[in-house]
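As written, the chain order gives the labels A, B and C, with residue 1 at the start of each chain.
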Amino acid sequence: MPTIAEIAEALGAEAAGDMTLRVSHASEPASAGSSDLALALAPTWAEALGQGRARAAVLWPGADWRALGLQAAIFAPRGRLAMAGLTRLLDEVPFPPGVHPSAIVDPTARLGEGVGVGPLTVVGPGAEIGDGTRIGPHVTIAAGVRLGPGGVVHSGVRLGRRVVIGARAILQPNAVIGGDGFSFVTREPAYVEIVRETMGKGSLPAIEDPTWHRIHSLGGVTIGDDVEVGAGTTIDAGTIRPTRIGDGTKIDNLVMLAHNVVVGRHCLLCGQAAVAGSSVLGDRVVMGGRAAVGDNITIGDDVVLTANTGVLSNVPAGRVMMGYPATRMDLQIESYKALRRLPRVLRDLAAGVPKRSKGD
Amino acid sequence: MPTIAEIAEALGAEAAGDMTLRVSHASEPASAGSSDLALALAPTWAEALGQGRARAAVLWPGADWRALGLQAAIFAPRGRLAMAGLTRLLDEVPFPPGVHPSAIVDPTARLGEGVGVGPLTVVGPGAEIGDGTRIGPHVTIAAGVRLGPGGVVHSGVRLGRRVVIGARAILQPNAVIGGDGFSFVTREPAYVEIVRETMGKGSLPAIEDPTWHRIHSLGGVTIGDDVEVGAGTTIDAGTIRPTRIGDGTKIDNLVMLAHNVVVGRHCLLCGQAAVAGSSVLGDRVVMGGRAAVGDNITIGDDVVLTANTGVLSNVPAGRVMMGYPATRMDLQIESYKALRRLPRVLRDLAAGVPKRSKGD
Amino acid sequence: MPTIAEIAEALGAEAAGDMTLRVSHASEPASAGSSDLALALAPTWAEALGQGRARAAVLWPGADWRALGLQAAIFAPRGRLAMAGLTRLLDEVPFPPGVHPSAIVDPTARLGEGVGVGPLTVVGPGAEIGDGTRIGPHVTIAAGVRLGPGGVVHSGVRLGRRVVIGARAILQPNAVIGGDGFSFVTREPAYVEIVRETMGKGSLPAIEDPTWHRIHSLGGVTIGDDVEVGAGTTIDAGTIRPTRIGDGTKIDNLVMLAHNVVVGRHCLLCGQAAVAGSSVLGDRVVMGGRAAVGDNITIGDDVVLTANTGVLSNVPAGRVMMGYPATRMDLQIESYKALRRLPRVLRDLAAGVPKRSKGD
C-alpha cells in the first residue's frame, strides 16, 4: 500500500494534506471505501465524493480538498495522464517468475533472468526469451522465436515460426502472431484481376480452372519495442520478408494485419481495425475502431482514419480521413449532411417547389 | 430416445398419433431416417416429407398428419420456439463432471458439487466454480475468478483477473473475458483530441512526444446470469470499475466490448458487433451483425441497431437505427433510395431535362 | 538446398545458366545473400538486384540475366503463380510426425499413418485423424471429429462435436470450428421481426417477456477437401443439418460463418468477412475483406463482393457487388461520385446558379 507522498512523487504531481496516508485501490468517488484513492479528475465528480468514504483523492487543479472532506489530495493537471501513472502503480505483473513444472520448455530454448513460464505453456527449440519476461498459461512459442526482455504474454497467445519481438511487449490473450498469410493465385487471371479492369460492368465469365494455388509464408513477423497486441488480434507472416510493426505501436483487440504489412512507430490501431496485404502505414497513424486499409496502399505519417473508415487509395501525411470510400473528414461530413437533405430536395425538384436555403 | 408424448409434454405442444413412438434425432424432412423426428414447421415442407423416411414430425398447426404418411405428429404454433425446446431435449452437456487428472487446479480454488474440469485446464488460486458448471479442455481461469453454477465453458476460453460471472453462463471456444482495456494517453493532446476540435480541416501538426502511456485495467468484468458469450469474442476489463453485462444478454462470435462498457439485460449482440470504451447500452437492445457503437455513447432501452450500423451519438429508447452515421431506419432508407436516383438526377439537371416524378 | 534445375522443373519454368547452383532461401532482390534466390518478377526490380548479392534469380520473361550479373536464372511468365510453387518448395511442414508424450489422445481415437500430435493437444474419444495429418500444440479435437489425411492443424485450433473435415485441410492458429450457432427466440415476436414489418417507423413497444430461448446446435460442420481456415476464424455448427464449406475454398482470418451457412467450392473469403445464418454462397464466390452477407440470402456462382460490401438481398450469378446496401459495382461508383458532387450542387441550387455540366 503506497502512501500519498509516494504516489505523488511517482506521478510527478503536487499533493496536500496527510502525506503518510496509505491507499490500496483506485476507485470512482461514489463507491470509494475508506482506504481507497478516489479519482475525481474534474469538478463534476465533487458531489459523488460526498457519497463515498474516501479520505484521499486525485483532484482537478485548484480543488479545495478540505471543503470536500478529504484528509489528503493529489492534483492532476492532465487527468488521464495521471491515470496512466496511478493505475500502473496499483497494478501488478499477473504472472510469477520461474518455470511451472507443467510447462514444456525445449532444452535448447534460452530463458533470461527472472523469466516466468506459466502452466502448460510450450516453448520450442532454440527460442529465446529476454530477462524478466513473464509468460502466462497455455501459450505456444514456436521454434526459434525471439522475444525481448520485460514483456508480458497472456494466456493462449500463439507465436509462430520466424517471429521476432522487441522489449516490453504486452500480448493479450489469444493473440496470434505469425500465422500464414492469405495469399492465393489461380492459373488464369482471377476475378479480382478482371474486376480491376472492368470496374464491375457486365457479368463475370466462367473460369476454367478455379483452383487456388497457395503462396507460402516464409517471411515471419518482426515487431519493435514497447508494442502491445490486443486479445484475438492476428498478425500474419510475410511472404519472403517479415511483416513489420514499429516501436511504440499499440494494437487493440480483433485487429487483422495481413502479410507483408508495415506499420510505423507510435501508431494506435483500435478494435477490429484491418490492414490488407502489403500496405504500409507511416509513423503516428491512428486507425479508429474498425477502420480498414485495402491492399498495396501507402498511408503517410500523422494520418488519422476515423472509426469505420475504409481506405481504397494512398493517403498523404497529416490527413484526417472518414467514411467509405475514405474522403477528407470535412468533405465527408458535408456529403453526409447533403445526403440527409437529398430526399426532400428530390421531392421539391419533382414538385417544382422553389429552392430552399442551405439551412433548411 | 424420448417418446413423442415426452417431447410434446416438454414443449407444451399438442400431439397426435402413436404417442409411444421413440425418436433419436431431429432432421430436415427430406433427409430424415425412420427413427428421426422431421421438422416441417410450415406447409412448404410438406413435399420434402414424402422424400424422407420419417414416421414422426413436428408440423404446422392444422396439418393433416395422416395424409402426410406419418404415424405421429407434434403441432408447433410458434415454430422457432418449438425448435428451442426440441433441440434442447436432444442435446447433451458436452463435458463430463469430475476433474481430469491432467487439469491443474490450485489447491485454494473452490469447486462446487458436480463441477467438471477438462483435460489441461488451469484453475488459479482462490477461484470459485459454482455447482454443476462444466469446463472443457484448455481453459484458463485466473486467480480469484468467480464463475456461477450450471454453466458450460468451452475449450480455450480465457477468464482474466477480477472476472465475476453469474449462473448458467455459456462461454464458447476461445472467448476472452477480462483482457486489459485499450486505453492510452500522450503527454500533449493527441490527434484524436485535435480532430474533435478541427473536424478534420487542415493538416495535423507534428506531435513532439508521440509516446503512448498505458492506463492499466484494474476494474475487471462483471457478468450477470444466463449470459452467453460467442467464440473468439473479447470483453475487456474496466479501468477502475468493472465492465458490466446484464442478465440474460446473448453475445455472438467475434464481438468486441471495450473497457468500462455497460450492457443491459436481455440484449442480443450479433456477430462482429462492437462497443467502444465507456459506452452504455440499455435493456433489450439488439445490435445486428457488425453494428458498432462509438465511445462514451448512451443507447436507450429497446433500441435496435440494424446490421452494419455505426452509432456516433446517443440514441433515445425505442429507436430503430441504420447505416453510418446511424440514422432512424426509415429516414436512412429514404436517403439510400435518393442516392440511387442521384446520378440520373444530376445528369438531367446538367442537361436541363424537366424534373421527373418521384417514382421514376 | 535445391538446385536451379530442380526448382525450374518443379515450377515447370524455363531456366538458364548454371543449373547446378543451389539456393537456400527466397529473398527480395536488394537484401538477397549469395546463397539466396532473388525474386525479381518484373523489370522494376532490376536495379535492386544490383544492390543485393544474389547469384540466381527468378526473372520476368525475356530478361537478360547475364547483364544483370547473375550466374543462373529462372523465367516466370505468371509471377505470382511461380511464387506459389517456389515458396512451397522452400517451406517445410511445421510439425513432426508422432504423438508427443504430453498429448492426451483417447484410446478409442484412430490415428492414421504418419500422423503428428503436438504437445498438450487433446484428441477425444472416437476421433479419426487421416494419414499424414500434422497437429500442433494446444489443439482441442472433440469426441467423434473426423479429420482427413494430409492436413496441418496449427496451435489453439478448436474442433467441436460433429465436425467432419476433408483432405489436406490447413487450419490456422486459434480457429474455432463447430462452436454453437447463435440462435435465440422469444415467446412473443421479437424486435427483429417487428422491424421487418415497420421498417423502423415509430417507437418499439415494450416487450413483455424479453427472455431469449436458445436453439441448440445439433448439426455440426462439414468441410470439403483442400480448405484453409484462417487464424481466429469461427465457423458455427448448424442447427439440425451441418454448416457446409465446399472443396477448395480458402478462408482468411477473423471470418465469421454462422450456423447453417453453405459455402460453395473454390470460394475466397477475405479477412473479417461474415456470412449470417442460413445463407448460401455458390461456387467461386469472392468476398473481399470485411464483406458481409445477411441471413437467409442466396449468392449465385461467380459473384464478387468487393471489400466492405454488405449484402441485404439475393445476388444473381456473375455479379460484382459493392457498398452498403450492396449494389452493382458500376452503379455504386456512380452513386459515390454523385454524392461527392452533391454538396456543391445543393449550394448551387440554393443560390439559383445555372446547372453545371457533368464533368464540373
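Assume a residue touches a chain if its C-beta (ideal position, glycine included) is under 8 Å from a C-beta of that chain, and two chains touch if they have at least 3 such contacts.
Chain-to-protein mapping (UniProt): A, B, C = UDP-3-O-(3-hydroxymyristoyl)glucosamine N-acyltransferase.
This structure is a prediction, so every number in the text was calculated from the model and none was measured.
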Checklist entry - Listed by label, which chains are in contact with subunit A and with subunit C? => result B
Next on the checklist: Given that subunit B and subunit C are copies and touch, would you call their interface same or different according to whether over half of its residue numbers are shared?
Outcome noted: different
Checklist entry - Using CA atom averages as chain centres, what separation in Å is found between subunit B and subunit C? => result 23
Checklist entry - Listing for subunit B: what residues touch at least two other chains? => result 120, 138, 156, 174, 232, 254, 272, 339, 342
Checklist outcome for this item: Contacts from subunit C onto subunit B in the complex sit at residues 104, 120, 122, 138, 140, 142, 156, 158, 160-161, 174, 176, 179-180, 182, 184-185, 187, 190-192, 195, 198-201, 203-207, 210-218, 232, 234, 236, 239-241, 254, 256, 258, 272, 274, 276, 292, 294, 310, 324-325, 327, 331, 334-335, 337-339, 341-342, 345, 355-358
Next on the checklist: Show me the residue ranges of subunit B that touch subunit C in the complex, using the header's touch definition.
Outcome noted: 25-28, 31, 39, 78, 80-81, 83-85, 87-88, 90-91, 94, 102, 118-120, 136-138, 154-156, 170, 172-174, 228, 230-232, 248, 250, 252-254, 265-266, 268, 270-272, 283-284, 286, 288-290, 302-304, 306-308, 317-323, 328-330, 332-333, 336, 339-340, 342-343, 346-347, 349-350, 352
